[in-house]
Structure formats: structure tokens, C-alpha cells
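This is the structure I have questions about; it appears just below.
Residue numbering begins at 1 within each chain, and the chains themselves are lettered A, B, C, D, E and F in the order written.
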């Protein structure tokens, strides 16, 4: 049970209501999930997180489905049950196939494995890998 | 300094050498990075991890660049310095632009943030998110 | 279901009973929560953890409510469901307002986000930050 | 070495410059640390993270020093070297004593310990802890 | 509820069936637990993970019970509920006593505590600890 | 560089000195490593953590080398550089072979991998695994 209950629309003040309106319009659905309904207890955080999510998850150099896959990867690594479920649903809505989900899980698992081999053996970074973006 | 030193080619036994040959052929480069040179102290693990990486990171339902991005996302979440550098280099080699890297970082950061909001407030999973793949 | 069941008072040996007596006296309540009732299967650990908690969480340079907030922050970052609930209750008992809880969640979330930006970009520590306490 | 180099003021575009101006004014110092100078490669993220930090870390129901302590607690739990150093310096600037820092470390360590006892034994949440804020 | 349902034997294709046969023969039991029944949706991953587990968990320089204890230690640190339960059962089957489990929990908890003291104070590695295996 | 410098023997007060004496006697060596020399800034924490380590790591139902292996497993999972180095040295001193270390790394890596498969697919715990110790 959430520490603060999800708020019904009727319980929203004007600031939270404005965010909900934008969620509905952006997503083209009347459904607002409980993540936002709990954050609605804290309208400045609700507004900040929604604005951030809208900016970060928008189409850009990476397409929205890839961003959802990355989101799931982080959520699985951190074991956030809510986030795994909600972003798997979101990815599904953006076209993720079951085969893509299975491959995603395999990559996440492998990365978690090799992260520990590299950290456990304390392997130094190869000189040539040091500045890949510069 | 690694707990076990990276092995030169001359120090490899036949099992490790066979893996290195496959790494070189698969990647079409003579360069074998230190991750594999340290694992070469343990040939069965070297062989197992290389075979796994080759299988998991191959083109499939997800393309190889997307898999590298997911790999980086996990490595950043876990703070694996070696893996961030080596897979950023790998992603660069597969065409990742600097803009894509920046967006990737933004998504990883946002997911780590919202994971804690969902977990901290103990938000229950919406009924409609429970079975997205079934 | 816990791997070992919480022990009733009647099931306690003398060492565990002495710890429970101290918990009750220190907290000025008859209620002993299940964390201690499960640890009671291992009296030396029960005694050590209770003595540690009593020492660490006592008023000192930081006041007890601040310590509870820090405790919750760690528990949210690690996703310890039991600890989030029990220490939110403890913080509430020490005067934490709902507004303080909401701000705490926002700080925890932000820190988890910026931790990954700093780690992901591999940002070097500014020279002037290296010795803030010396 | 950071994956993207910290940017000098001369290298900033107008959007990043505006954020730097606000950082300088808000903090009443000319010094802008490298976290922001690296994020300056991505002006929308720079602007978003700075605005978030300014909002979240401002005085509110919790005072700014307490927020810094919570920030450090998260950063230690996640092992973010940059963040531990920069926020310890920030906390120092807001009046944190060395004794407070030492107590903070003790609380963070204890919470990480008891988190694993609770999770490892799979202890169920006491009924009375379930709704501390409702 | 799992994102993909555990598969009954009747639903297995030949590749997954071959893995299940090997699990049954290796473990000398007809029971195949749901971890494998969910992975059976992805036969290459099922085969790879099972082969890896069989290789890694086999008797070697470390005995199988010690390996199970290590597995539990990691699973508690990461808070993997499924893995804690399944590997505690496995360790029990290999002779783990309740006293051993309690000591294991104490070590895991202590290590998580001291990890944060070392990371939080940013303690440099003693020169003499740098090359313990070389 | 540590946030507080390791203290020389000459800088110790009587409480810290008593702990150092016990460390030296218990370990039968004059060498006291920097973990304790940094904690010496906080004598109550120094005394508490040393007493805890002495109790928890002592021979019991698990032998001391197994406890060191578990300690390393946790430290690798959390990426505590100091702890990996110091406890690998400790394990080495208690007889850990290089082959045992390599197997340990393989188990830690595998567990981190399968933890994410179990968490990512949200696999429910098998009924028969629920009460392995009761």
C-alpha cells in the first residue's frame, strides 16, 4: 500500500490538475496512472517530474521505443517493480515485441554479470577506450 | 591495478587462444581488450562469457547499437567504470552519435530518479500494467 | 513470509529477553517490532545490532529526526520495503511532517539522478572539492 | 577523464550561459564546478537539472543542510565519488561540522547493514507500520 | 505475476525440453522450478543460463555449498526475492544449517555496512593490499 | 584522497589506542590498515565496527575463509574498491587459492546475472521455496 494514496481527479488542486491535463493531452488517453496520482500530493514535484519525463522521453536522437527499453533496463537493474511494469506496458504500446523484451532481458542480465567481473578483478580501462567521445 | 594482470598472447594456453582467435575474427580486429586478457586466467569463464556475449549482443529483434546503449545504461546504473568506457567505445564504433550518448545519459538519470519515487512512496502497480506481455 | 518466523516473548531465551527489555525501556513502549523478533533467532546478532542502532541513532551532533530521514533515504535507494515502512513510522513518531517526507523523497530522487550523470559522464572531482574536511 | 571535457565559459552557447549566470547568482560565487561544465554539452539537460536542483535543494520543510546530508547519504550508498566530494563540500559550506559528517557516515553504514538483514530474512512489514502517513 | 507465465512441460519445444531433461537428470528430481519455466519462453537464453549455472556451481576449488552461500549473499545485497528463496532452498538441500544461514546474514550485513564506511570516507587502498594475487 | 586522513599511532586518543591494541593482538600483526586509521577519527564507531567485525568474522558455523569469500562477494556486487582489495588480501592470508578466487568471481557474476532475470521477468517464488528454514 502506497504511503500516500493515489488521488482521484476530484481531489486535485489547480496545479496538479494542469499537469494531469497535459498528461492526458500528450498521451492521448484519459487514463492517468497511479505514479502521477501519488505524486499529486506534491504538485511542484509532480510538475517537475512530468516536465522532465516529457522532455527526456520525447523523440530526439534516440527514438521513443529505444528510450523505453533503456528505462526498463535501469528499472530491472534497480529492481523497481512499479517501473518495470509501467514501462514494459509503455514499451508495448510503442511497438515492443515479446522477442524484443526477451532480448532486452538477456542484455541487461549479461551486463550485470560482466560489470561484476570487471569490478571484481579491478580491470584497468584500456588506454584506447579512455576518450571515445572526444 | 587489476588483481590478476592482463595476459599477453604468448602466455595463453590453447583454450584461451581459441577464444582470442574467435574474438579477433568476430570483431575483425587484431585488438583484444584487457577484459578478455584478465579473464584469460580462467579459460572456462573466458569461453563462457565470450560465447554469451557473442550470442546476446548479436543482431536479433534488437539491433546491436540498441544493445550497446542498454549495456551502457546498466553499467552507469551500477557504476562500472571499465564497462562504461569499453561499451561507449563499442557503441561509438557501431555509430552512436554524441547526441545519442547525451540523450542516453538523460534517460538513465531520469529512470534512476523515478525508480526511487516509485519505491520510496511504495506505489502499487496499476492493475492494467500487470500483464503487458501475456 | 519471513525465512524464520518472528518469535513471541514466550519463545525468547534470556539473552534475547534482555535485549527486548532494553528495547522496551529505551523506546518507552511495550511494542517490539518484527525486525527484532526475527533477529531473536540469533541472539548475538540481535544484541549487536540493537546496541549499534541505539548508539548510532541517539541524539548527538545530528538530531534523531535527521538521522531517521537519512535512514529512509538509504532504504529508498536500496529499496528495502521493511525499512522504508518502519523508519517512516519512526520518523513520524519523532515529528516528521508529511511535507518533510515529500521533500525527502524529492531529494533522494534527485540525488539518484545526478549520481548517474556524474558517474555516466565520468566527471573528475574538482580540485577544490578533494579535501573539504581536512 | 570525463567522456566529454568540462567547457570553459568561452565555449558556452547562449542557453548554457544563461544557466551559468543563474548558478553564479544563486550561489553568490563566480565558481562553477565541473559537473555543470560537462552537462553544458547538453543545454536542455543542463537547464533541467539545474532548475530541479534549485527547486529541490531550496529551504522548505527541510532545511538546506539536512538536504545536503540526505544527498551525501544517497551518494555514499551508490558510491558516486564525484557527488560525495561535491556535496560534502556543499554541506561544509552550509555549516556541517566534522562531527556531523562522522555521525552521518555511521547512520548510512548502519542503514545499509539493517537493510540487508530485513531483506535477507524477508521480514514482513508489521501491520502498524503500513500506513504511517495516511 | 510474472510478465510471461511459467510454461508447462506440454508447452515446451524441443530445445527447451532438452534443457529440462538435463536439469532433471543433473538434479536427480522431476521438479523444475519456475525460473526455468519462465526462461523457457526464450530457449537460447534458457540453454545458455542453464549451461552457465551448471558449469559455475559445480564442485571445483570451492565446494557447492560455499557457492550457494555466495549466491545468497549477492541476492540479498541486490534484494532479489526469488533468488533468496530459491538459493536458500538449494543451500538447505546441500546441508546448510540454520546456524550457517544466520551467520551468513550477519556477514552480508556487516559487509554492506563497512562497504559504505570505506566508500563514504573515500579511504585509499593500502599499498600492501594492491596486489594480493600477483 | 580520504576525506579524513589515516591517523598515525601518535595521534590516537586512549579509546582508539585500546581498539588498535586489540586489532594487533587479535590479528597477531603490528600492521593496522587504513580503514581503521580513518575510523579512528570517530572512536565510538571504530570500537563498534571492530567489535562487530571480530564477532561476525570469527570461526563459528561457517569457517573464517568462507566468511571472507562472502565478504568479497558483497564488496564486488557493491563495487567497494577498498573492501575488494583488503578482503582479497585477508582471504589470501587465510588460504584462498587463486583458483578459488576465480571461481568466486564466476559465482558472483552469475548471481548478478540471474538476479536480473528473476527480477526483470517478475518471477513469482515457487510455493515449495517459501519456507526453506521453518
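Everything that follows uses one rule, which is that contacts are C-beta pairs under 8 Å (C-beta built on N, C-alpha and C of every residue); 3 or more make two chains touch, one makes a residue touch a chain.
Only a predicted model underlies this, so the values are computations on that prediction, with no experimental measurement involved.
S.K.: Hey, what chains does chain C share as contacts with chain D?
M.R.: Touches both chain C and chain D: A, B, E, F.
S.K.: Spelling it out: a chain qualifies if it touches chain A and also touches chain E; which chains qualify?
M.R.: Joint contacts, listed by label: B, C, D, F.
S.K.: Counting shared numbers against all numbers at the contact of chain B and chain F, is it over half, same, or under half, different?
M.R.: different
S.K.: State, to the nearest whole Å, the distance from the C-alpha centre of chain E to the C-alpha centre of chain F.
M.R.: One centre to the other, that is 20 Å.
S.K.: Let me have the rounded angstrom distance from the C-alpha centre of chain A over to the C-alpha centre of chain C, please.
M.R.: Distance between chain centres: 27 Å.
S.K.: Taking each residue of chain F in turn, which ones touch at least two of the other chains?
M.R.: In chain F, the residues touching two or more other chains are 1, 3-4, 45, 49, 52, 56, 77-81, 84-85, 88, 98, 101-102, 105-106, 108-110, 112-115, 117, 119-122, 130, 132-133.
S.K.: Report the residues of chain B in contact with chain C in the complex, numbered from low to high.
M.R.: So the residues of chain B touching chain C come out as 72, 76-77, 79, 81, 84-85, 105, 108-110, 112-117, 119-122.
S.K.: Which stretch or stretches of chain F touch chain D in the complex?
M.R.: Those residues of chain F that touch chain D are 3-4, 41-42, 45, 49, 78-80.
S.K.: Going by the contact rule at the top, pick out the chain B residues touching chain E in the complex.
M.R.: The contact residues of chain B facing chain E are 1, 3-5, 44, 48, 51-52, 55-56, 130-134.
S.K.: Can you list the residues on chain E that touch chain C in the complex?
M.R.: Contacts found on chain E: 79, 84-85, 88, 98, 101-102, 105-106, 109.
S.K.: Could you pull out which chain B residues touch chain A in their complex?
M.R.: Against chain A, chain B makes touches at 1-4, 6, 31, 33-35, 38-39, 45, 49, 52-53, 56-57, 60-62, 66-67, 69-71, 73-75, 77-78, 80-83, 85-86, 88-89, 92, 97-104, 106-108, 110-115, 117-126, 128-130, 132-133.
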